[in-house]
Structure formats: C-alpha cells, structure tokens
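Written out below as structure tokens is the structure these notes cover.
Chain IDs A, B, C and D follow the sequence of writing; residue 1 opens each chain.
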Amino acid sequence: MKVLSFAGSLRKESSNKKLAREAVRLLDRHALARAEFVDLKQYLTPLYDADQEQDEGLPEAVIRLGAKIAEADGLIVATPEYNGSISSVLKNTVDWVSRLQPMPLAGKHLLLLSASPGGWGGIRGLWHSRVPFEALGVHVFPQMMSLSGAGSTFDEAGRLSGDRVQQLQNLLSAFTGHAAARAELEAA
Amino acid sequence: MKVLSFAGSLRKESSNKKLAREAVRLLDRHALARAEFVDLKQYLTPLYDADQEQDEGLPEAVIRLGAKIAEADGLIVATPEYNGSISSVLKNTVDWVSRLQPMPLAGKHLLLLSASPGGWGGIRGLWHSRVPFEALGVHVFPQMMSLSGAGSTFDEAGRLSGDRVQQLQNLLSAFTGHAAARAELEAA
Amino acid sequence: MKVLSFAGSLRKESSNKKLAREAVRLLDRHALARAEFVDLKQYLTPLYDADQEQDEGLPEAVIRLGAKIAEADGLIVATPEYNGSISSVLKNTVDWVSRLQPMPLAGKHLLLLSASPGGWGGIRGLWHSRVPFEALGVHVFPQMMSLSGAGSTFDEAGRLSGDRVQQLQNLLSAFTGHAAARAELEAA
Amino acid sequence: MKVLSFAGSLRKESSNKKLAREAVRLLDRHALARAEFVDLKQYLTPLYDADQEQDEGLPEAVIRLGAKIAEADGLIVATPEYNGSISSVLKNTVDWVSRLQPMPLAGKHLLLLSASPGGWGGIRGLWHSRVPFEALGVHVFPQMMSLSGAGSTFDEAGRLSGDRVQQLQNLLSAFTGHAAARAELEAA
C-alpha cells in the first residue's frame, strides 16, 4: 500500500510537517505502507482563480501534486487550525486539485492529524477540514489525532516519544489496515 | 453607517461579485448605509505563510484591506461555495487579516450572501464560512441569502429583479437596522 | 451483506420513512443486500438522562435497537433536517445507543439519505448529521442523497420513479459495493 | 435586561446546570441583568413527533418554556457535548420550541457555555450547537466559554473561583453589554 503524507502549512518549522514526517517514519518502520512525505512549499499555487484556470490551464504544481495523489492508495494530512477552521493552504490545495480530470481524490482514504501549541490540539480545525474532502468523495477515517502542546513534544530529530508515539502508531495501524484492505480488493 | 462589501472570488464575471455590488447599489438607493465594493483582485495575497509574515511582515494588500475593514461598521461578503465549503480565496483573506494588530474584524457585523449556478445556491458554503468569522469575534447575521440559478438572474447591468431584489432588500434592511443600532450606541 | 435501514423521524407518513423503505426494496430487488427496515416508533426512548441510565440501566428499546445494529454490516439512515441541523429523534437515538457496551456503531458503514418537501432537500441536516456518527467511529459514506420536493415524489405504493429511483439505486450499489467488501474481508 | 439561563442536560448533578446557575449568580451579583435559572427537568418533553403535534398540539411544557423565553432579552445555555455534537436534550427542546407561533427564539441574543470533565471542555459541542439557533434567527454571541476539568472546578456551593470566575464574569459582562444595548434600542 502506498501512502502520501503532507502538511497543511508552509512554515519550515511547522509542527504539522514534523507530524506528517513522523507518520511516514512509523509507517516505514512498522512496514505498514510505502510512504512518502511531500512539502507543499514545493507545490506552491496561487490563490484559486477560475479565470487563470481558463486562460492558462491548471498550474504545473497542481498537476504534479495530483499525479502523486493519484498514485497513492491512502493520504495522510497533518494540518494546523487557522481561526477555528481549515487552513487556507490546505483549502487552496484542495480547491485546485479538485479541478483535475480525472479528479485524483475521489475514493481515496484519508487520515487527518493535527498538531498545535495550545491545549485543544486543533480539534476544531480537524472537523472543519473533513468537509471539503468528504464533499469530493474521500473516505475520511473517523478517528483523527490532535496533538496538543506540540511545541515541546518532538525531539531534535523530529520524533515523538512515549504515549504519543504509541497513539500515533495505533492510529496508523488502524488506518492502513482499513485502507489497505480496500486497495487489495480493488487490485483483485 | 459604513458598509464594506466584497466577494470571496477572484473571477472577473463572478456572480458573487455581482451580488456584492448589487448589495451596495441597494444600500445606497434606499439610504440604508454608505457602502463601498472592493474587488479582492485588487488586494491579492500569497498563500498564508508564517515564515513570510515573520521575515517580511504582513503583505501591503492585507494592511490596505484591514484599514478598509477597520473603517466600516458592517461587512457584506458574497461568496461562492468551493467543494461544499468556504472558498479558498475568502479563507486566505481572513487568515491574513486575522494577523493584524489590532485585528479589525473583532466585533464587526457581517452579512453573508452566496450566489451559485446550481440549485442549492451555495448553502453549504455559507454555513461553513460562518465559522472562521465567528471564531474571530465577528457577529455574523443569522439570516443569509443564497441565490440559486445565478447564471441567469442578473440583467446586463448586473441588477437583480422581481422577488429576488425584494428579498435582498429586505435582508439588507434587517441587517443594517441591526448593525446600525450598534454603531450608534458605540458612538454614543 | 446485512443492512439495517431506519428514518430519523417518528411521523407515520414521513417521507424519510418512505425513503428508508424504498432503499430496502431496491437493495432486495437488485440482490445488493439482505435489508430490513425498522421504525423508530417501535423503539421509542425517553430523552437521554444520565441519572435514568445509572438508576434503571439502558432502556429496553435501546438494547433491542443496539442488537439490530450489531447484526448489520451496513446502516442506512434517511433523516429529516430540523432547524438546519440533525433531527432530535436521530440525535437522541444515537446518544442512547452510544452508551451500549460494546458500542455497536463502531466501525459500521453508514449511508445517509434525506427527503424534504423544500428545494434544498435537507442538505444542511445531512452534513450536520455526519458529525456524531463520525465521532463514534462510523464510516459515513461520502456520497449522500438529498431528495427535494419529496411531497410529490413517491407513488401510492411509496416508490420512487424515473431519475430518482436510478440515482438511489446507483448510490446503493456504490455503498454496498464499498461496505460489502469490508464485510467479506472481516469475515475472511 | 432579563436573562433566562438553562442547561442542555437533565442530570441532577450536571456540571452544566452548575455553570448555568453560576452565570445567574454572577449576573445578579454584578447587577448585569435580572437572571433566572430554569431546570429542563421541569419542562420535560417527549421526542419531537409531528403526529403528536398535529393530534394533541404542543406539549404544555413547551408552551411554558416558550413563554419564559419570550419574556427574556437574552438567553444563556450551558450544554454538554454528546458524541462530539449537540446534546439530544438541547436539540429536542429547540425543535419543539421552534414550532411555537410566534417563535420566541427569533432575534434573541444567546450566550453558549459548556462544562465537561475532559480536556476539551465540550468545544466541539459548542460549535455544533450554534447551528440550529442560528438557523432560527438567534444572534449567538461569537465568544463562548468551555470549561474543561469541570469535575473538580466547582466548590460545594456550586461556585467557580479564581481565573475561571473572572473569565466567566468578563464574558457575561461583554454579552450583556452587547445584548442589553439592543434591548434598550428596541424598547426606545
């Protein structure tokens, strides 16, 4: 099973990038999936503009990201909460990708994660972020993980430890067990 | 009472731009408020990036838009629904504006409108769009207007007619009655 | 594959009961699943009250309904929208069922449908209704069906016709294809 | 200004009942409003059933509660989160009250509070609970308070202390300042 993991943030030191990378490390270590992290900073898009789409076609970054998504069986998105809701970076990415034909998100399995410095761990952002994916036919895994106090929770190598690494590992195992079964069936 | 009106879309021929402008025309015609339309295409921002904010400060377009918002007593936003949820253009604008100090949205009154070519009129987008504003302390007017079949509903001068112009006028009257009273009180 | 279907309404002539029954008929006719309709009027509960739960245990209707849910591989819920959101009947049912140990909703696949007399077809209620199920670990199918103008759309035998029966049939086929694969895998 | 305060829970020892009562005590002590607490256990309703409404009319408890709401300028609702969303008790109450003519919630100002034993303080429930009120034309105050760790936060007399009492008092002051101004204007 192939998993593509990215963060809904552009910031270099983003806790959500760390979390998306940590998920890849754990998937690999426990042989749960062949996983790859991509940094949306390498897939920068302008704000969605239907005129630009009509005049110039879809941005090349959208086409490249769409191809990565199309190859994956499952997606992991670790995303910050901006103003109690979805991050603008994530929303803009989804809106551009939704314009691809065929639309690569349709029918994919998605696990949402969130890291935040505060006490709520981005829980409102997670729930708000489910909506556009579900509207596009994505199977968003019901369980999610919100990591509060994220400022001090990764070590220097960007790893989680203790209960948190166990919690993430269990969630990844449940998610890939669910999504991989689908991938097998569709391959069969 | 001063009202600032804009659309959550960049497209030149956007029905939501027409709707935001039509609201301004009606507010003026019925002397409900001194209203101004601004086109977000004139306030273009990059995707929100905390690194950019730290290194270069807030984009000049954000500062200009924030000043417009600060001067207004009420806001009108006509916004498309993208993928069953908030438009990326609107979300990105809100995320940048929320970084201004003082934050100009706090305590403002907002009326949300939506136009869409389909039958649902963007109703899911309207409800999804309330959340970031409310999280920022905006009083979002409970009543909203979703204009379905928007492709054929504006005349060549961009005006609504019949029941729809009456519906919008009634809503504008209720909104400004509510928000203007607040503005008076705060001035007193 | 076994499917349990019910409506989030108590009204005898509820369009949502008709829709939940029509789904059962189509599942049967196309041999997509062994499906059963239950009427929540036969599983009436008081309003959720933690004191009652502690003093008297769970109501017998909750235990009976929970057993039905536990036996099913998939669930279909056709539900009205009350005040732009989940129906109180459905929410109360979910809240009681969530107290069962083991909790029978966990990991189930759910298809949400809605019928309403108006033009929006209960679309806001559908999206609001996803949340408690997802919070309980249910895989809510991304596609949903909202049937507008439901007053005149069922014939005297309670059947849909034309495009609408085709739309429902396609959705049922997609849902059971997805959920049945899971059921097989888990049985294997 | 008159405020009606109640909790979205039936449980006798509910933290949300304590919170709704504590709000009344503080409103009174600081002369912010004439406030009254009512216990929904005294206004028990069956599950909403349109057949019952048609055959027997609205339950007497709904009529009594509606009259209380009609007399108030502002409402305070302290509500638990059930399964990541609105409590069934609160939803059922709203659904019945919405059937009164005239509908007493229209145009009211509402402050939402939440207490919960866990770490998130019912934050998801608060946001889910806004929706039906807003759909009914209620001005839901943007700021809300979610009290986490509620099991140990009230003293034996049911009072909050320290930062939490200050936080609630500030919120009540902001809410009544906002809503009372409206009440004055409408009286003038």
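As a convention for this text, a contact is a pair of C-beta atoms (placed from the backbone, for glycine too) under 8 Å apart; a residue touches a chain by one contact, two chains touch by 3 or more.
Worth saying up front: this structure is predicted, and the values here are computed from it rather than measured.
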item: Most distant chain from chain B, judged by the mean position of its C-alpha atoms; value: C
item: Chain pair, A-C or A-D, that carries the greater number of C-beta contacts; value: A-C
item: Whole-Å gap between the CA centroids of chain A and chain C; value: 30
item: Mean-CA-position distance for chain D and chain A (Å); value: 37
item: For chain D, residues that touch 2 or more chains besides their own; value: 84, 124, 127, 131, 134-136
item: Chain D-touching residues of chain B, taken from the complex the two chains share; value: 127, 130-131, 133-140, 142-143, 178, 181-182, 185
item: In the complex with chain B, residue positions of chain C that touch it; value: 84, 119-120, 123-124, 127, 148
item: Residues on chain A engaged by chain B in the complex (per definition of touch); value: 9-12, 14, 44-52, 82-89, 91-92, 94-95, 98, 124, 128, 131-132, 134-136
